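By written order: A, B, C and D. Residues from 1 in each chain.
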Amino acid sequence: MSTERVRLPHEIRHWYGDMEADYTYTLGIAGERFFAGLKEGHILGAKCPRCGAIWVPPSIYCPECFEELTEWVELPDEGTVYTFTVTHLGPDGKPLEKPEVYAFILLDGATGGLLHKLGEVRPEEVYIGMRVKAVWAPPEERKGAITDIRYFRPVE
Amino acid sequence: MSARIKEYRGTYVSRKDLEEGRVPAVRDKPEARYAWAAGVAMGRFLAELKEGRIIGRRCRRCGRVLVPPRMFCEWCFRPTDEWVYVRDTGTVLTYSISHLGPAAERIEEPIPIAVIQLDGASPGVGMLHKLGEVKFEEIRIGMRVKAVWKPPEEREGAITDILYFRPLKEGEGQEGGE
Amino acid sequence: MSALGVKRKVAVVGAGITLFRRRLKETGRELSFYAAKMALDTAGITLADVDAVVCGTAPDAFDGVHMKGEYLLDGMGGHKKPFVRVYVGGGTGVFTPIAAWWHVASGHFDIVLAVAEEKMSSCFPHPQKAFTTIFDPMLTRPLGANLVWIFALEMQRYMHVHGVKKEQIATIAVKNKRNAVDHPCAQLADPKITVQDVLNSEVMVWPVQRLDISPPSDGAAAIVLAAEHVAKRLTNDPVWIEGVGWCLDSTYWTNRDLYYPKYVEYAARMAYKMAGIKNPPKEIDVAEPYDPFDYKEAHHAEGLMLVRKGEYLKDVKDENDIFAKYGRDGDLPICPSGGLLGVGNPIAAAGMMKICEIFWQLRKEAGKRQVKNDPRTGVAQAWGDLMQVGTVVVMRA
Amino acid sequence: MERRVAVVGVGWSGFAPQTADLSYKELMFEAATRAYEDAGVDPRRDVDSFVTCAEDYWEGHSIFDEFVPDQLGAVMKPTCTVSGDGLYGLAMAVMQIQAGLFDVVAVEAHSKASDILTYEGLLRFAMDPIFTRPLGWHPYALAGLEMARYLYDTGALEEHCAMVVAKNKRNALANPLASYGAALTADDVLASKPLFEPLKELDVAPLVDGCVVMVLAAEEVARKLTDTPVWVLGMGWASETITPEARDWCRPIYAELAAGMAYDMAGITSPANEIDLFEIDDKFSYKELQHVEALGVCAYGEAARLLEEGVFERDGDLPVNPSGGCLGVGNLLEATGLHKALEVVLQLRGEAGRRQVPDAEVGLAQAWRGLPTASGAVVIFGVEKEVRA
């Protein structure tokens, strides 16, 4: 559309740059409580006074009703594999050494659940509906992070 | 209902609270890298800088010479028509003196900067660059300046191939702007 | 503008806001919830009554989340709703209600929630690192530019063309930081600040000094808009959005004369035409022009045609003069909220704060901040991008 | 009665995995020039407002709005950015016209994905920094999870997803704008590398560059500008939370809600009977099946069977993605929806060449914003019968 275009390969020019900066994210009201709970070996959910949903991971509001959530509920660290995937690529798109199983685990009694790895199980043995339980890092190694749960393992 | 609202919410956190871990936080940095295609206009502009020249584009309809060049005229909405070299001398349209670096950190040596209308570009068509070889109190709007280039072998086809603009010396560049 | 003209009236019926602070513990989603919930509560409705949500938030590089609107959406009440984010840089805060307005005025929705948020503290150690990414990567970033550069260049040009003095400009910072003492959310209120304090503050990028600038902040603000028939049911004193305008100038800011924000004038002309305003200084009772820097209040009041070009600070020599002209009991109250200079500058939320302020002023609910001229018509304005965009909303009681 | 709005001009540029010779501005200028020429308008004189659709991190520029007006003819005009898919921009433009503000509005969206060196890094940065990013997962793992649950829930098989890929890549062979057309069988797709099982390499739409510009006009202006206005009959958009744990893993509620809104506006009660062709988001193969059902083309869980029967083929009863879709044309990021709208407009105008769907009078475009979002939009277009000679 312009009167001139670039035709020769050596006339093509790229300019390299980035949008990389350092960030520090406060965990927020719900996050602080949730991760402090993990450090103590508890999975905490937030209960909606209107619809009764128990949200995990928790939030200070019910996304459905927009009620403020102030009631915290401790949930069992057991649940059901709602869905899973056998993952071959790492976060950067490069192949993993060994495939890993990621799952969404519906926690017993909760409206939501946790995304986490499965362990102590071969990928071909995993199925939707499988019962699993959290394997925690030893208390002294916990940091108040999602990795305080190392993975979920089958319970049958 | 400002006057009727009892409580405005938010929990203040000091920088120290954060740095000393009293308020827990997650640290992260994105992987966000790019190789922007410079395209026709900027590709040529950068290539010309490497040669020690500044190039613009002229729109024949409105007659303007645009620096930096673009392949379209934003006033007329049509392709621009021809390449035009402009001179590396010009006039300061506005200036300031930065005591801050790119991350807003304080810097020892303040940097004078200016928007400079290059001779040969249309009136009001300026470009941003640094000033050098000048006392801050001598900088004026309307001051005549000239580019100081990197040595040819150090140029890489970038705006920084011009180190800065310095005041024109007496008798230099008297041909002035168009 | 269309010859058809606008057929459907739209009112603001509720507003909410959080504290503005340099750093807040709440996540952006949580701050959005506080503001949105307060707006709904004051409108006397719940989220179930809301037909659509409009989000306003400025660079993703501040909060540090790509597709930031999607991230914020459930805190803004957007889960399972029509939800959209509009974005015109610093102009976003006043543009968000404009987009919400066309949701209602078009006839598609009756109640729309508009929420604006910014959490600038995530970018640590300082948001300026993220600010540099607003510049052209080939032309400007390599020079080591920080954001203040371009405003310093603009301020210098404004002072040069009109012969305005820094002492005069500093009175604006004084007025707004003193006004902010009465704002319950304010971050940088100072009842005792003087012109001399501003002039003695640290030089950032000459002629800009520390107290000429509004601070980076965390915060959120929200309003509820309703179609006429709904508004009248919800409240006895709706505040009508009677004019909206916006305008974007060229990317190539070094190719323009920076002394006057013509794009603000164009945006104002669009909004005034819609509101039937012919003589802005006579017909407007209270104004909240965008003041991220003190000189910008002057610049924008001129762009809004509240005064003649270059005359905002004419005859203003000291603190008393500026309060006499633009104080809450002055000739034309400007930034009675305390503005960005006093209340804080969580970019999009700061623009929305101005909308909230006009809403409260026109409802006579501004408490200690209430202007004394029995206001009926107010204007809020924001500005952004590379000194490039103006957004204007005219409201009437 | 709302003011009627029509598409009166379309333009495009790029549509290649690499457009290294053009800057994004030059790419936009090219598409805009074509669109204004097609509409017969001068943007400086005739276009009242401009809407562009972009996200900062896709572009590598904060406040990308800064960099859009010049190449669109939008300088000193009402111009704004929508941080969303092009269909959202189109909906905003329609509302601006219906509100009575403007008569003619231009909408732009593009992908300059070839400028991006770290696509995965950007996607990861779109996830919640507190709850989701610390998992350290590739964002597409979420698609693997969703696909697995969808297949479990509906009984559809990986083979069906592979058939979607084969269909769309074959359709793409007849589309000059498609970069990823191929004559492949479903077995070829099944044999491709597993990524996030059951998701495989060929189930994923690869990135592509491209720009689309559309000119919209109010009825009275549209009638003056063109004999072939393509009317916007309905539009809708909706979102679900970014928190994957709180979403429905089986059904794309965002698409169901958006479609419901669009059908209400268009007065459509039986989409399968009233709509002649569908351009549906297929950034992942299973998404096409999921979206077909969400749009009410068939009941939940029925799409796989209809696919087997050939109903969604270009010459089937309900052609889905005759353009080749994202799987055949490429993932255009925020331009996905406008490309789908472009295809529908060309089909309804009878200008789709070898891939023309005969006698198409009503078409639907749908887009999803891609991972990790659950947001999307639907726009329905139609032409008047007598216009199609």
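Everything that follows uses one rule, which is that contacts are C-beta pairs under 8 Å (C-beta built on N, C-alpha and C of every residue); 3 or more make two chains touch, one makes a residue touch a chain.
All of these numbers come straight from a predicted model, not from anything done at the bench.
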item: Which of A-C and B-C has more C-beta contact pairs; value: B-C
item: Centre-of-Cα separation between chain C and chain B, whole angstrom; value: 27
item: Cα-centroid distance, chain A relative to chain C, in whole angstrom; value: 37
item: Rounded Å distance between chain A and chain B, as computed from the means of their C-alpha atoms; value: 43
item: Distance between chain centroids, defined by C-alpha means - chain C, chain D (Å); value: 34
item: Interface hub residues of chain A, defined as touching at least two other chains; value: 1-2, 5-6, 12, 14-15, 17-19, 21-29, 31-32, 59, 63, 92
item: In chain D, residues with contacts to at least two other chains; value: 20-22, 26, 29, 56-57, 60, 62, 69-70, 75, 120-122, 124-125, 129-130, 134, 241, 243, 246
item: Shared interface positions of chain C, touching two or more other chains; value: 23-27, 61, 64, 66, 74, 79-80, 121-122, 124-125, 129-131, 133, 137-138, 250, 252
item: Chain contact topology (line, ring, star, complete or other); value: complete
item: Footprint of chain C on chain B - complex, ascending; value: 1-5, 8-15, 18, 23, 28, 30, 34, 36, 38, 42, 46, 66-68, 70, 74, 93-105, 110-111, 113-115, 124-130, 136, 141, 158-160
item: Chain C residues touching chain A - in the complex, by the definition given at the top; value: 23-27, 29-30, 33, 36-37, 40, 46-48, 61, 64, 74-75, 77, 79-80, 121-125, 129-130, 133, 137-138, 141
item: Parts of chain D lying in touch with chain A, wherever the complex brings them together; value: 13, 20-22, 26, 29-30, 33-34, 56-57, 60, 62, 119-121, 124, 129-132, 134-138, 140-141, 144-149, 152, 193-199, 241, 243-246, 249
item: Touching residues on chain B, where the partner in the complex is chain A; value: 11, 13, 18, 23-40, 42-43, 46-47, 71-72, 79-81, 157
item: Residue ranges of chain C touching chain D (in the complex, touch as defined); value: 1-8, 27, 58-61, 64-71, 73-74, 78-89, 95, 99, 101-103, 105-108, 122, 130-131, 133-134, 136-137, 244-252, 262-263, 266-267, 270, 384-386, 388-389
